[in-house]
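Going by the order they are written in, the chains are A, B, C and D; count residues from 1 in each one.
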Amino acid sequence: MSRATVVDWAREIYEDLHFGAARRWLAEGPDRRAAGYLPVYAPREILHACGFLPVGIHGGGDRLEIIRGDAFYQSYICHLPRSVIELAQSGRLDMLSAVLFPSTCDVIRNLSGMWKLLYPDIYVRYLDVPQGADPAASTDFWEGELRRVMTDLGDLAGRPATDQDLRRSIALYNETRAMIRMLYQTRQERPWDVPSEELYLLLRAGEVIPAEDFLAKAREYLAAIAAEPRRPRDNSRIVVTGAFCEQPPLGLIKSIERAGCYIVDDDFLLGNRFLQHEVSLEGDPVRALAESFARNDRRTSVLYEPDPRGKKRVMPERVAAARADGIIFAAPSFCDPALLDQPMLRLGAEAAGIPCIAFKYSENSGQFQQFREQAGTFSDSIKLWGGTS
Amino acid sequence: MKEALKDRSMVLQKEMIAGHFARLERVSETREPVVYTFVPGNLVELIRSFDALPVLPEINALQSGMRKLSADFIAEAERAGHSEDVCTYVKCDLGMLKSGNISPAGTRLPKPDLLLLSYTGCYTFMKWFELLREEYECPVVLFHVPYQGDGKLEPEHRAYMIRQLREQVIPALERATGRKYDEDKLRERLTLAAQAEDDLVAVLHSAKRRPSPIDGYFGTVYYVGPIFSAFRGTPEGVEYYRALREEIEERAAAGLGPITPDGPLNEQKYRLVVEGPPNWTHFRDFWKMFSDEGAVVVASTYTKVGGTYDFGFRHNPADPIGTMADYCSGCYTNLNLPSRIDMLARYIQEYEADGFLINSVKSCNSFSAGQLMMLREIEKRTGIAGAFIESDLVDPRYFGAANIKNRLESYFQMIDARRAGEAVAV
Amino acid sequence: MEITAGLDVGSGAVKAVVMQTGGEAGDRLLAHVSSRLRRREVAKVVEEVFHAAVDQSGVDRIHYVASTGEGEDCPLATGHFYGMTTHARGALFLEPRARAVLDVGALHTRAVAMNAQGRVMDYKMTSQCASGSGQFLENIARYLGVSHSEIGSLSLSAKQPEKVSSICAVLAETDVINMVSRGITTQDILRGVHESMADRFAKLLRSLQFDGAVFVSGGLAGDVGLLGALTDALEKKRTAAAPPATVVTHELAILAGAIGAALWGGFRYRKLGREDVAWTATH
Amino acid sequence: MSCVIGIDLGSTTTKAVILDEQQHLLGRGITNSRSNYDLAASVARTEALINARFALVQDRVASSIGEVLVTRLRRAFLLEQMLTQLRRLEQLMLEEVAHSAPAELKASFLRLLEEIFRRIAAEEEDRFRQLQPPARSDFFRDAAGSAYLRIAEELGDPAEVSFDRLVGVYDKCIIRAENEPQALDFRDHIGVALTRMKNAAELADGVEYAARADLEPLATVGTGYGRARLPFPKEQIRSEILCHGLGAHAMFPHTRTVLDIGGQDTKAIQVDAEGIVTNFQMNDRCAAGCGRYLGYIADEMNLGLHELGPLAEQSRHCVKINSTCTVFAGAELRELLSLGEKREDILAGLHRAIILRAMSLLARSGGVSDQFTFTGGVAKNPAAVRAVRELVAENYGDRTINISPDSIYTGALGAALFAHRMVH
């Protein structure tokens, strides 16, 4: 199968604001259910083990017309929740029987309360992820939260999930994470072969279809790019950070690469690779999942940073790991976690002599000229003198 | 304000605050440890039980706003790379720090020995202290207060908080102050806290009378000052609230209204309930827009961010650690949207309000995200139309006086017109 | 010594230059041609302007053709450089004292700080609202019935400038309409508009670190009123430490982008060390 | 007979409405707002009174001699008003030139001005002779201005008295002329107007009657954007929200929801069965999605404002517009044109974009109930109206939608009704 066919397949799923793929899956069995989750991290293993199709709710992008959504939010609140409300109020999410709201920020937190009021018949759970510095306490707390969700969804499904179910799901998502790591690895080595637009579409599709299907397509894609190698271009290598919740419009990702910046690391759809290591299949699976979260070393703006040096270190580490030339801080307008973190992250990066630029977007930004121009100037300066600083 | 505000309580509060800042300025000699923490979920009794002095950054920020210092501080922080989109309390505080850390009282603020990050109902607090840590390079202890996502304090969450207090917070305070944890001292503090809380609640409830002897928003932000900041669980605090209660009860007995920027407001045309923090940079002008029209606020949610005492909670010396967990969990910003709507609807009914107003501030997503839905839900529940205005905490650029006045005028005229209509209908 | 060409494809006009660069003689401008688009097909205009410039220069071989502005996909170009990169270099060529460029575009205004080699050190761009843009000034002028060329001199003759209060370009226009009806003179209004634009630009520029003159490039470079207002605004925003602000421009300022592109083209050509990228008349 | 007056002082136009004791409409007047708000209000009031008196003439004689004559008389009156104002403007401009123009130009400058005004006056006389003269703005500023600029362009001489000089002096003086009170009332000109009519005799009686009728305002209420600057006591001022609600209710008694899209603000209002506002939302922080948005687009496309709607109507598929900022929408428009999108499709998208913003205001205010009334300048635009119909149907189902050509007077009408309540 050719690269184009895989990408077109993914694009179709990405552009389908009615979640047809998920609906088709649900239609195949009477006892099938789907559970949505908002950014950033949700324990998809638990949903899967309880027989639910995990459906990532990442907003409506730049194709959704906002009619009701703006009635719920003031102009100074980010765009994501209004498009999510728009999706829900227009019936596009009516196939979900549960929705999880992770503690990404206060906007998503409050959205969980709005959901309770708007959709009293749907299972709504706000997931207050542990923020403490003590892994022991965090693990116990998170284990409790996970058990709670597992029990509730079990009741909803009329069939409690067994440890075996959960272990199977963990194994499946270990495999998914490994595949995503592989894709990122490949892009990092040969960015010209894995345009970020394509990688992104593939991962977006993976958010709304069964993990098994995603794995199959991902394998096809890897085979295809090996079969159709492309010519490297005289571009610079860039880490994009700050886009972990409200997703950038596809046009923005394209504009950055079109302007001469290969994206070699990013935090788009961060949830799908939030856990950096295999979750253990030994012992109590819920405990194992909780452990892997609490002891996970992923540094992100949505978690408290216990290490006083952590904020300064994280960007230099990521740049080194990705062999990048510079950083683009791309944050959604009014995104508290990203924008409050940015000065600390940027200071750390610039102290390490890494060139940086920053701009704000929203999921429905219509014009990319100024992004292209800034990214372009950035890659010019890297090409001409290896960086602005 | 007018002479009437030379009330004893006013004088006391001024002395208390001045005294506190003076004491903070002298810590280099007195060697008193300093702990920074936030208003919602502040563990001031615990801090005091270690003989440490609390500093509350939001209070400094809002006072900078009232003293017209915030614009420069915010500009300073934005020059340092902070986005115009984010919380102006944070930027105001960082700007103040970068400009020499002179408190709104004109005194120098000491470095913290510990940042006690009790992040209760506001995500930004976490970032705020991460940012302060970069500046002060001092220890931080994080106390994670789980949000009441399902509208109640879940037992596991309470246990989780108690565990953090015992295993993280108390040891951190011991390290920072070099003193041992003394539960009896804590009990004493909590006993004092509960006394002040009783008197405060009496004051808040006085607004159920007609005319209301207090303004439940503009006036009450002064009244809650001591109990939300450094003085809960202190003898000064107890004395202040006793004095305040006496004054308010006298005013009530005499059938007097509250003192406003235009003097006593005895003729009260509209009784309002208010949701959301006030704007501090134009606090007086904002208040005047109400008092000019004869509007008095009878209850507000903002005055509950430091504790929802009027619904019965009291600090309980018998269960010192547990009561702190209960206190934090119950702070207004930690309640979910349905609970906040219940609370406002209840205020409107219990305080017989003619209307309600949401002041939606740009800075604070914890408050603002969802307020438009609260507006409609409360309208549905109470059958009373609300007013919705937008401003900010301490960024003067976001206070559009003309727009706000226009909306308020229209709102009050709307209440009049409906009254007239009802009168006709009857 | 190389012969290079710069093609600046703007939203309103296309400019082409041919230059000689890198030799002992230093960098020299051999030819320049520009033409307004006036709703014509961009590709055609580019072709036509480029060849006109080449003919004018009389060269038959160009080592590197560099595009800039909207010209990313221009088939003639060997390579593309972005606006801020090229304006910085072009400004330096036209005015060696320049260490910052202010390029006021139709919608976005860019402030770029550079070093003595024309290397971009930092930049800021307006994006939120169009109130700092050339489009804004054009609309106001249109409303006041003032032609582009007279704006500057009128503004300079203002007596009591009336600042525009609104942040929103449209409401600002309403301010202006109200001013007219309040009997404020055209001069004072224009100066007011210049001042509020200048304030925004000064804010942009002051957020950059640079030590030298500010070069105003692009379409509004000829607007003496704006230059005056900008100088004043920079003075107001100046911290005691900073040196007094000098605002400069050049009659060829409109070509800054194209010139910068041509010069960077030469730089890149030497860096690449490849001949096969050159353009020859036989193409 | 006694009457009440409502005045709506808007950002661009000032409207007045006069009602009798039975709340019947007697007359309406409109003028462009100007720095002297008091004057703007009184001009609008005068216009409304004139309009009322012509209605009286109508009642009196139309049956006997037909409406055509009355209409003709009306035009004669307008001509006289126009000529008076032209004479005053010319005088001001001659004075201005006499004392400020460079000596060497003065003589020719003055000659030129007299010539221009001679031609304008002649054009006005022609216009009066025509039976169906082309429609034009009711405002002196616009009518005189366009004629003056046209002729000035023709006669202006770059080498001598340039077009720009001619425009300069006009700009100065039109503002003076507009801000000084002038005698333009019914009684001031009806006499001369009558002499221009052949069958003056038949009309005279009606005119006599109308001129004698004393319209005694018992109360005046002011509203609108500039209401705070009206020289009225507080109790005679009402918020434009309330007035719009009541006005819409008076025009369409079953109205429950009102949408008003004006030049620079949009209002969504809910009213009860008595026309009392129960809820409202307005956007006034930036002009995104207001009337001016269309003005920008028209400039951008070199079209007249009135041409936009009809052009958009021809659209087959509507392009999605993202920019809410009026000015950036212009940029997006250019981008889309360069991508080869059709003008009508983009325009359809832009109209939809405006109405989308209005829809969210409506939702904030409590939705769209039956009946729904759409007022304001934008309600004149067919494409905007279509977008409203579509979106209301999509989101709220079947609703009766009222659109009135007189919707510009809604606020003033509401104010007049409040005035009526003050006295009855």
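In this section, a contact is a pair of C-beta atoms (placed from the backbone, for glycine too) under 8 Å apart; a residue touches a chain by one contact, two chains touch by 3 or more.
Bear in mind the structure is a predicted one, so any value in this text is a computation, not a measurement.
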| remark: Under the touch definition above, the chains in contact with both subunit B and subunit C are A, D
| message | Between subunit B and subunit D, how many steps is the shortest route if every step has to go to a touching chain? | response | 1
| request: If we define chain centres by averaging CA atoms, which chain lands farthest from subunit A? Would you check? | output: D
| request: Please state whether A-B or C-D has more C-beta contact pairs across its interface. | output: A-B
| field | Interchain centroid distance [CA atoms averaged], subunit A/subunit B, Å | value | 36
| field | subunit A-subunit C separation of Cα centroids, rounded to whole Å | value | 40
| field | Whole-Å separation of chain centres (CA-atom averages), subunit A against subunit D | value | 53
| query | What parts of subunit C, by residue number, touch at least two of the other chains? | reply | none
| note | Touching two or more other chains in subunit A are residues 71, 360, 369
| message | If I count partner chains per residue in subunit D, which residues reach a count of at least 2? | response | 285, 328, 331, 364
| task | Could you classify the connectivity of these chains, where an edge means two chains touch, as line, ring, star, complete or other? | result | other
| remark: Every touching pair of chains is listed here as A-B, A-C, A-D, B-D, C-D
| field | Interfacial residue positions of subunit C with respect to subunit A in the complex | value | 72, 80-85, 108, 110, 119-123, 125, 127, 264, 267-268, 271
| field | Complex contact set, residues of subunit A against subunit C | value | 258-259, 359-360, 369-370, 372-374, 376-377, 380-381, 383-385, 388-389
| task | Spell out the part of subunit D that touches subunit B in their complex, as residue ranges. | result | 238-242, 272, 274, 276-282, 284-285, 364, 366
| query | Which residues of subunit D touch subunit C in the complex? | reply | 11-12, 32-35, 149, 164, 167-168, 171-172, 175-176, 178-179, 263-264, 285-288, 290, 292-293, 296, 299, 325-328, 330-331, 334, 338
| remark: Touching subunit A in the complex, subunit B uses residues 80-83, 85-87, 90, 117, 119, 122-124, 126-128, 130-131, 133-134, 137, 140-142, 144, 146-147, 149-150, 156, 160, 163-164, 167-168, 336-338, 340-341, 360, 362, 365-366, 368-373, 377, 390
